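Input: structures, listed below.
Here come two complexes built around subunit A, the first alongside subunit B, the second alongside subunit C.
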Partner chain A sequence: MARMVTTRNKVISTAAAWLVGFLIFFPILWMVLASFKTELEAFAIPPSFLFFHWTTENYVTVQERSDYFHHALNSIVIAGGSTLIAMLIAIPAAWSMAFSPTKRTKDVLLWMLSTKMMPPVGVLVPIYLIFRSVGLLDTRAGLIFILCLGNLPIVIWMLFTYFKEIPKDILEAARMDGATIGRELIYVLTPMAVPGLASTLLLNLILAWNEAFWTLNLSTLEAAPLTVFIASYSSPEGLFWAKLSAASTLAIAPILVLGWFSQRQLVRGLTFGAVK
Partner chain B sequence: MKNVLCAVAGAAALLISAPSIAQTTLTVATVNNSDMIRMQGLTSEFTAKNPDITVKWVTLEENVLRQRVTTDIATKGGQFDVLTIGTYEVPIWAKKNWLVPLDKLGADYDVGDLLPKIKDAVSVDGKLYAAPFYGESSMVMYRTDLFDKAGLKMPESPTWDFVVDAAKKLTDKSAGVYGICLRGKAGWGENMAFLTAMSNSFGARWFDEKWEPQFNSPEWKKTLTTYVDLMKQAGPPGASSNGFNENLALFSAGKCAMWIDATVAASMVSNPKDSKVADKVGFALAPNTGLGKNANWLWAWSLAVPAGSKKVEAAEKFIAWATSKDYTKLVASKEGWANVPPGTRSSLYKNPDYLKVAPFAKLTLASIDAADPNKPTVKPVPYVGVQYAAIPEFQGIGTQVGQQFSAALSGSTTVDAALTAAQSVTEREMKRAGYIK
Partner chain C sequence: MGQITLQGVQKSFGPVHIIKGADLEIADGSFVVFVGPSGCGKTTLLRLIAGLEDVTGGAILIDGRNVVDVPPAKRGLSMVFQSYALYPHMSVRGNIAFGLKMAGIARDEINRKVEAAAATLNLTPYLERKPRELSGGQRQRVAIGRAIVREPKAFLFDEPLSNLDAALRVQMRLEVTRLQKQLGTTAIYVTHDQVEAMTMADKIVVLNGGKIEQYGSPLELYEKPANLFVAGFIGSPKMNFVTGELAKQQGATTIGVRPEHLKVERDGQGGWRGTVSVAEHLGSDTFLYVDAGPQGMLTARYIGELDLHPGDQVSLIPDPARIHRFDDSGKSIRA
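So, the complex of A and B:
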């Protein structure tokens, strides 16, 4: 009897999990479906779910009209570059704050977070003026710089919480066994910190990939990433949902694939410390 | 590999032998409308004639473009050489010295051929600050088959009484057909474009001569009451979130008997590729109440040169090309007369080839002629603009008022409450901006 209940529970919870998963995934699925419809069908009420005239015309138009690879390359360079630099700065910062905190560590952390509380548009004009003066408008370097700055507080906070979870005693034990600082870092700390590092890296990458305020406002052509590519398909006078969906599907494809491949690390990282 | 080497060698040889032409690269900022996309596709025709100029395009969503371009122009960032802006921006930006006056468009440009109302809308003190690329007004588009079936006949210049009456008669909710589709989505360029134009025909105005807001006037009350009652009885469900595109989809799918919106929609609803009712569409002037003003607006997407550009000469060359009579002919030869950008030049409306494929041409022209940005409504006003007031504060105020009116349409507030709120919002903003005390 008990076993039957367990099985039933299992079925119910599996079904519930699938349902929740489907609901969360639905907007993306809907976008992908819309990208295969004609403009009129994409707008039709009531909408058709699967039984419509499937067409790849939107993808052809999008390919013809804009240079996807130019934008995708910019996105990769900007998101990747800003993430790597942010990690390079954040790892030592979080490390020192987690392992040798001072009286002011908490204040510093809060101050860093406070920089995220200002709406970006509030500093748009000053930043724009600075970028203009130093020639950073419409450059990848400029966007890497600003996205790196923008995400740094979150990266430091995430890493700080992960590092805090690592018990100091383990490090001490390693030291007692005669490990040098280098060995301690490579053989003891790194394996324990990897899930945290990986999920921070990936989350930061996703944040930088999706960032659509600074990338739209500070880039024109040369440095324009996929956000600009998507924005170019919205039309004030004319139907555009299907083409916009095709452009968006193309834009999220790389990051979606990356997310799928690194799912395990991501889940491990995000639940790190939850089962202690 | 061998091929690559050959190609590199060839390219190098070309580079060495080519006469050294100083290349000017123009960056053109534009919106994603079919006429602009077509222009983008024809750029090579321009560069073939002007080998020293390269043209690069930045296409953005309308509001993003507005924000992006405003930031750049205000900080003299110099990221753009040609801007696509509307008639709302031109007078404001020209007064701030943000735009270069376009007085060197060439001898054969024929400024006199531009439609006078459109030319007025992009000129300040008689000087042209932007060249109109395509112009539009608004008009009634209606289903001839449904009108015939109901035994109704649309006059060329209908009154609001007729439109309201016909809309109610033509509504068949069980068949999913609604008498009238109108904009309801909040925004200064969405529902407020329509409602401001509609209010003009009822004799209402945004401000009196002393910039005092006028939402407490009986004319505004009549406008909004007529609109809300009409939409409640004969409009589609969820109308308060419908804008141009939503109504275009509804009308094209055969769900609206009438739709009052931009004249450029005429070619979209009569295109059999996108519209199920392409052969059953009739056109009429926007409705009036007998006060001498129709409920139609005036807008032109225009090309302008920002004051920060260092490539003014090349930019003017490009603008002259893109808004010339020859460009119209070029589009016609490549894509047919039905696809030429409408609403800017008188010569187009005398062209028999165009008139043959555009049954809506006569009414488009009549609608544009009927709108006067300098005298938009019955009573005198201190502002320029038919469906907007060309002051910088209007975008913000217009959108806030639009939200009130959209709420009145959805039923979450009453007409009276919406008008009171609109009046107080506008008063507050106008006081803050220093127009009134």
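So, the complex of A and C:
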């Protein structure tokens, strides 16, 4: 029997969904609010929700004390660069595994994913030493390299599952229609794969943007992205919650805007394969 | 021209032999149907001809030229897939035009040809629609349009009607046959449906377990099946097989009689006597399933209505001229 959807049930489930949504969103909201408070109000108990002395002084201080745009540019270069390179490597890899699988394809995929199971801290020391000896410490190139390697398995997996969904018949039909491999790629495969490529690109961009472990450990100032910028406000000298909040808000703003506009693509990308 | 010759074609996937050496001569302009039970290798054989699979051994000649090393794009064949395999992001026009575009034909001529093909297939009102906005039958037509517009040497059909409902299937069957006769292009058609095979084909290839069991016209296969497999596979309802003493009297291991060649007599003398266990009354025909004791279960077909019911006694008298005899190995014995 089909489940009855009554108005009452609808109201309850909608309210529950909003509640969960609000709970997830609350820390971000609280951070944004705190960034507009004075340091004193930021950790006042009981906390004031909206009725406090609104100020933008934290943002001014943050920009004065450290160069936001320098770090933002680093974030864009590192996240963008590592994503692009990962895509360039992953597309042909996923393509060949999806369309001409061998007996070992499944093993290769699992092996790639298994590299993500090891905690990164396990290889921090060797990687740090290698970076130091080849002069990659605190360079954008070094961070692009390590983030690209770190995210590559996920990118390949996402693209692989996406390509797998494209019926082989259609590619064979193109071949029968006289298309060469190149034209098959341009006219048939790519248009069909665009949503998958876009969502993979976006997700990887967000992962790379938020990546903190390697960026914090392998950069200091020159190549430091926004993660380092935020971290510099959680100092042992004292609590600067309002300024930390202001720095964090600035750091997540670009990616939040990007995510907001591409949420449809993102959801589709993440649930792909699960729903037809 | 579209003459296709297979010489000892073999295909293995690892240790599994799918096609165990196929020899076949397909005349230009003929309609050849590959038929057989699932897993018999008929689709694989078609894909080998298309070039979508590589042969393990043997040669495939198209108009006298061996094409085993020629990629599918260069073989000059076109294919209609079971799943239709339309390009989902292109309009009907784009789908039909794609092959011509790949061949580098001028835009005016592409438009002219696409519109002509669309008119033949009653697709003109749908040219600007996307495949997802079409019904199953219309999609099937687009797939056929894509195949005919390129004027290939031969059409390859891979069970193209199996996703359609029964009524539409009969209609499309007629249309495909008519279109093929009109264009005069060689066609190879794969199906598991022996009615499709009998009605559409100039010649039928019966495949079983990767081997060609028989190659001949529909009536040849019906009247002179080469062996037990073909005898049982072609014809509906299935041929009755009787072994033992009765077969020995005829100098055979097994004898076969088609249900329509059994004369039904109520309480008659002679012939094979038995009890009706199921009677199917279709109005135009009556099918009787008769428990004939030592002869086993027999099926008889009577043209018209016959008022018989389960439990009734009948005699079935085989038409002596239409008894098929088979030897130990299942091969047909010709007098």
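Just so it is clear, the second predicted complex is superposed on the first by the 249 of 276 C-alpha atoms of A that agree within 3 Å, B and C clash if a C-alpha of one lies under 4 Å from a C-alpha of the other, contacts with A are read in each partner's own complex, and residues count from 1 in each chain.
Criterion: a residue touches a chain if its C-beta (ideal position, glycine included) is under 8 Å from a C-beta of that chain, and two chains touch if they have at least 3 such contacts.
What you see is a predicted model, and the numbers here were worked out from it, not measured in a lab.
Q: With subunit A superposed, do subunit B and subunit C clash or fit?
A: Pair status: fit.
Q: Could you tell me if A:P27 is touching subunit B, subunit C, both of them or neither one (first, second, both, neither)?
A: A:P27: touches no partner chain.
Q: Is A:L239 touching anything from subunit B or subunit C once the two structures are fitted on A? First, second, both or neither.
A: First partner only, subunit B.
Q: At the CA centre of subunit A, how far apart in angle are the CA centres of subunit B and subunit C, to the nearest 10 degrees?
A: 150
Q: By residue count, which of the two partners contacts subunit A more extensively, subunit B or subunit C?
A: Comparing touch counts on subunit A for subunit B and subunit C gives B.
Q: Could you tell me if A:G182 is touching subunit B, subunit C, both of them or neither one (first, second, both, neither)?
A: So A:G182 meets neither subunit B nor subunit C here.
Q: Figure out whether A:A174 sits in contact with subunit B (first) or subunit C (second), or with both, or with neither.
A: The answer is second: A:A174 touches subunit C but not subunit B.
Q: Could you state the shortest Cα distance, in Å, between subunit B and subunit C after the structures are superposed?
A: Superposed on chain A, the two chains' closest C-alpha atoms are separated by 49 Å.
Q: Would you pull the subunit A residues touching subunit B in the complex into a rising list?
A: Per the stated touch rule, the residues are 39-40, 43-45, 65-66, 124-125, 128-129, 132, 137-138, 216-217, 220-221, 224, 228, 231-240.
Q: Enumerate the contact residues on subunit A facing subunit C in the complex.
A: 167, 169-170, 172-180, 183, 187-188, 191-192
Q: Hey, which residues of subunit C end up touching subunit A in the complex?
A: That would be residues 50-52, 71-74, 77-79, 81-83, 85-89, 98-99, 102-103, 146, 150, 156 of subunit C.
Q: Could you list, by residue number, the parts of subunit B that touch subunit A in their complex?
A: Touch residues, subunit B against subunit A: 27, 31-34, 37, 40, 56, 58-62, 64, 67-68, 71-72, 74-80, 189, 244-246, 248-250, 252-253, 262, 264-265, 268, 274-275.
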